[in-house]
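One structure, as structure tokens, below. Some questions next.
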Amino acid sequence: MESLILYIPLLLLISSLITGFSSKFLNNFSSGIVSTFLVFISLILSLIILFDIYSSDESIYYNNFYDWISISGLNIGMGYLIDKFSSIMLVVVLSISTVVHLYSIGYMKDEKDFKRFFSYIALFTFSMILLVISNNLVQLFIGWEGVGLVSYLLIGFFYKKQSAIKANLKAFLVNRIGDMFFILGIVMVYAAFESFDYKTIFLNLDKTNITNLETYFGLSYIDFSCLFLFIGAMAKSAQIPLHVWLPDSMEGPTPISALIHAATMVTAGIFMIGRLSPLYVLTEFTTDFILLIGASTALFIGVIAIFENDIKKVIAYSTISQLGYMVAALGINAYTVSFFHLYTHAFFKALLFLCAGSIIMSLHHNQDIRKMGGLKSKLPITYISFMIGTLCIIGFPLTSGFFSKDLLLEVMLYEKSTISLVAYIMLLLAALVTTIYSLRLLFIVFYKKYSGEGFENIKEQSMIITIPLIILSVLSIFSGYLIKVFIDLPIFMFGVKDIHYEGIVTFIEHGILSPATLALVLGFYVSKKIYKDDIKFNILENNFFKRISVIIKSKYKFDEFFISTSNIMKNTSLLMSKKFDLGLIDGLIVNGVPKTINSFAIFLRNKSSGYLYHYAFSIVISLVIILGIILVRVI
Amino acid sequence: MITMSHYLTFSALLFCISIAGIFINRKNILLLLMSIELMLLSVNTNFIVFSHYSNDITGQVFVFFILAVAAAESAIGLAIIVSLFRKRNSIEINLINKLKG
Amino acid sequence: MIENILSLLIWIPIISGLFLLFYNKKIYIINAYNIFINFIVFLLSVYLLLGFNQSKSNFQFIENIEWIPSLNIYYFLGVDAISVLLILLNTIIFLIVSLYNSTITVKKRNQYYASFLIANGITIGVFSALDAILFYIFFEALLIPMFLIIGIWGGSNRIYASLKFFIYTFLGSILLLVSFLYINSSISSFNVISFYNTNFSLLEQEWLFIAMAIAFAIKIPMFPFHTWLPDAHVEAPTSGSVVLAAILLKVGAYGLIRYVIPVVPMGAQSLDIFFIILSLIAIVYVGLVAITQNDMKKLIAYSSISHMGFVTLGFFIIFQLFDNTSNNNDLVISFSGSMYQIISHGFVSAALFICVGSIYDRYKTKKISDLGGILNQMPIYSWFFVFFALANCGLPGTSSFVGELLIIMSSFKANYIYAFLASTTLIVSAVYSLWLVKRVVYGEIKVNLEECVDANFIEKILLFTMAIIVLILGFYPDYIISFMNVTLENMTNNLLLKI
Amino acid sequence: MDIITILFYLVTSVIILSAISLIIVNNTVHAALLLVLIFFNSAILWLMLKAEFLSIVLVLVYVGAVLVLFLFVVMLLDIPVRKNSNQKLYLLFSVVTSLVMFAELYMVIFYHNFTNEVNIITSSELNNTYQIGLMLFTDYIFSFEVTAFILLVAIIAAIAINMTEKQRSLRQDPGKQILESKKSRLRIIKGNKL
């Protein structure tokens, strides 16, 4: 069974190469089918691996495919480490990817660059798999950057659109800020444990006397390395303030948004911290930092979604907000809980995006929700799927989101520290916000009266679009019932966080009676009143709320901050290039020396008049002077 | 009593006068040449003085050579002056500044 | 086993280049001849690689003939793992350049090719000479073909650029010669191996280090001596830029690791901080300067300087590394990183210059502000351009990443501030590379650009080969790093004995 | 005060005075004649130093040949005499320079204190001419030959400089023909411009 692992990335790579370089041999449709088929086979393989891992208790696959670098003092391999944690991740990634592949055959059928697209998404999945199965930090980083690279290519897929190529540059550069810290974090871990290998690092955790390591600015070594790694994750998983790239990434084709947001890119950060959890449990400062960042992302970015009118951007902001939940859970060392939310979120977020894609297709690439409405009757399958997705995201009881979100909030509440209490309240408010914006979307898109033209021509998309929606709907509803698996999930060879859990029925009872349900009900009420029944609340009309909404609509000016930073960088560069490099070094020093010599030569040349007697004078006077000097020396 | 210093002082004086001659005569290239002849004369005198006092004939041999070379020099110098005069109808050296940079 | 393989490698291209000067009739014969000779040299270098015993640390393929016995000068050739790899890099790049040259139109074609052939031989001479004077002669002779290539076939301002290039590098060489003569005056030998066994006082070592390091720092070029490079690159013809970036800069780095650090380790140790600071300035500051260049070649030239900063950083942190960890392995890793960066940068920058040069040949402009959306007209070129731009910013999976990772790793062990500053290159290099891509490749085609054809067959093959090399080096660096390992271990051991 | 001293002072004062007048006269003929006077007196001085051969040579060669040549040139060219302009500055300059020079030279002489008398009685039995001849044709034979060569060169050079080539035949000059260009030969004139 273990040997099957090699084939998963290999198949994806082959798929990417076939679709990318087969312009002559395959037409669009068949290359899409081949690609989907290959991903599907890897999904099957990953399922086999999953069952194999779960069939035996202590089973961990660990080996190297080949040595990346192997010299004395440094051994980096390209290999795999598959435990229960990563095998689930593998299945999640591949199942979402398969569905997205399938969906894309329909969605992209009219695109000129159909094959390029398939090549990219296969490469995207490949990079993510490389990241997930990696057994060391370098391979993780390769996958990590690979994901960033393909997202760069995919966001800029429509390379003629200025907004798209701006967005992809922005995405890559923001990710690079994270990567810079990430690589520093990796290097710090390496410097302390003399290895990049997870196994060695975690085994050395006991041996290495961590307190002996250096401290910087009053924080311990581990604090810093974990913090740097987390900053890397902040960029990938779109946490404040490095979230700015994610809403803009909606410039890419919609299936990509599903892939980026649900399964691959943004989950990489969560996965990485989960993977390195043995390190993170050792640091208090960084986990508190993570908790605060996560909670504030969940709340503050979620709020923006209420005022957003682009259907994809609303869902994008909701992703950031949900990622905030996951990160917050990481901040209280509840890695499995976070991972559980990642897993449920993957399905319903993919579902939401694919539904949005279906809607956008039906409306001829209109993404503005103000021009939508009343689609309930026209797009029944999409409507039901979207409804399921929305119910999941707001945590409606018995859907998957309910399990994961409630578990997360409960664990947060039981953490019993001031900071986690604050975070709990923020997350609860975020749940309210989530309910409001999700239902707003639902109401506006499907219930409100249609305001555009050509309502009669709108019709449901073909089977190839709707089948993925149905698959994902089923998965979204039922994936939450595996809660037990996640609560017992060990990460690597370390024990789980002690979670008091008494069976699923008790959990449901408890969950329904929790404050989260209150938030749900309240959110439903507000949302229905405002967006369905068009009732204006007077309380929302006063200045205070208006002022707040202005701040929120400005998206807290993060974009402006980054733009001004980049402008500063550009101006510095111009200044340095013009003044310092060309002016000082090149102008003054390098060209200055010959210029000085030249001007001195010109001076002397002008002094030589050409008159014979002037030369005679200079000879005589020189003679006098030389004689004088000799005399002075002799006498 | 005439000592060596007398002779040397004399030739130094002659030398200085010819230097002054170079400075003063900026018009006439012939006078310049004559000043140079004077200078050579003073140098030759010095040679002979030293030769005489050291009782070494080599100094005089040198004077012989100097005389020969000086004769050649003045011959060529005069030839140049003649051809210069033909070309420019003047030998005023302040009109000749082709060497100006 | 071919005897005198190194001599063959050096003299075959030089002599055939000289022959080529006398024939200028049929273009296809000149092309075929040129490619054939370069291919022969390439095969010989592959033979050298295969015949090299990497488990031995001493010099191999030695040829030692008396040349000027009265001055202790020998015709002494030999290679270790570093030289073998650099010779291979050299021959591959020259083969690529010869193929590329056959696609362009150029005046005085035979002389142009001859310059490259001669440069090829001389560079191999530089990498294999083990006699200081022989090295110096090759080192200086290399200037001549490059000077001619820039000065005759260059752009509009070529006279200024070639003169600046020549005088600048020549200035440094004088210091080098003086140092060699000084060393010779005390040990009466120009042999490198006896250079390694000298015992100078600290003060002498410091002065020797300054003189020699400046000579090579100009060639690399390090930060305050770098301004000749952008000018030379801008004016040089495409193939000239390729050779300049891929080979010539490496000669400086090779000089550092062969003639400076092992010969005067104490001097290097006491002055290493200055060179570390200069390297870091090169990485951060020059990278920043690259961002707003409006000339593509200039931008890539600045990025080359920034990348070479990594190489020198890797060389000069070893002493601090040793102070911190007293572990020989860390030093070897740092050296390996630098060497890997050298090789990787050779390919990446060469490919980038080919891309830019082709754009220039087609659109007759190198100004970024004049270009835009060339992806619409030349998709294949553009994707290669994007690929190599990404490789230039050190994307994992490409060769650039390996060197950067190893050097950042080592520099963190030396001092965390170095690592922090060095890692800013991840951002800065991404900014300049991808902003360039965004402005040149993506977007709608600029209206003023005329219709152009995409890459032809040879260009496709060239770029594809280089992309494959970059990827293989990125995904399987072990071969090269293990190949160098014994040599570098031996070098660090000798180094540690002397400090 | 013996006769030698008187003679010395007499001769030197004549030389100095003539030299001074030489550099300030404007008439070149006078200057040449003053130079003749100076050379004659120098010859006397050299005789006093027992350099008979050289003093005779000075008179014969220098006065007889070189200075006559000077006179020839002066007469031949008929140089118009003009006053120097801006004379005062140069005069001051010349006086200062020559005084400084003299002071320096005098310091040398004074410092070394060459006070030994003129050695009137020579130990040598051979005469001056014989001695010079001996040296010239033994030790300095090579230099002597070179001197002869220099003189020969001077003669040829003097002739070559002043030889003006006359156009004697109607021969072609290929150099000129090659250098000729269309522009210098052909002028296209439009009718209305004339």
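Just a few scattered comments:
Order of writing sets the chain letters: A, B, C and D. Residues in each chain are counted from 1.
Keep this in mind: a contact is a pair of C-beta atoms (placed from the backbone, for glycine too) under 8 Å apart; a residue touches a chain by one contact, two chains touch by 3 or more.
Note that this is a predicted model, so its numbers are computed, not measured.
Overall, the chain located most centrally, as judged by its C-alpha mean against the mean of all protein C-alpha atoms, is C. The centroid of the Cα atoms in chain B and the matching centroid in chain D are 5 Å apart. In whole angstrom, the spacing between the mean C-alpha positions of chain A and chain C is 37.
The distance from the centre of chain A to the centre of chain B, each centre being the mean of the chain's C-alpha atoms, comes to 95 Å.
Chain C and chain D have CA centres that are 66 Å apart.
For chain A, the set of residues touching two or more other chains reads 620.
Those residues of chain D in touch with two or more other chains are numbered 97, 101, 105.
You'll find the chains touch as A-B, A-C, A-D, B-D.
Partner chain D is touched in their complex by these residues of chain A: 620-621, 623-624, 627-628, 631, 634-635.
Only residues 19, 22-23, 26, 29, 32, 93-94, 96-101 of chain B touch chain A when the two sit together in their complex. The touching residues of chain C, when paired with chain A in their complex, are 164, 168, 224, 226-228, 285, 288-293, 327-330, 332-333, 336, 373, 375-376, 390, 393, 395-397, 401-402, 405, 408-409, 412-413, 416, 419-420, 423-424, 426-427, 430-431, 434-435, 438, 441-444, 475-478, 481-482, 485, 489.
Every residue of chain D that touches chain A in the complex is listed here, in rising order: 97, 100-101, 104-105, 107-108, 111.
On the chain A side of its complex with chain C, the touching residues are 66-74, 78, 138, 141-142, 144-146, 149, 152, 156, 159-160, 162, 165-166, 169, 172-173, 176-177, 179-180, 183-184, 187-188, 190-191, 216, 566, 569-570, 572-574, 576-577, 580-582, 585-586, 589-590.
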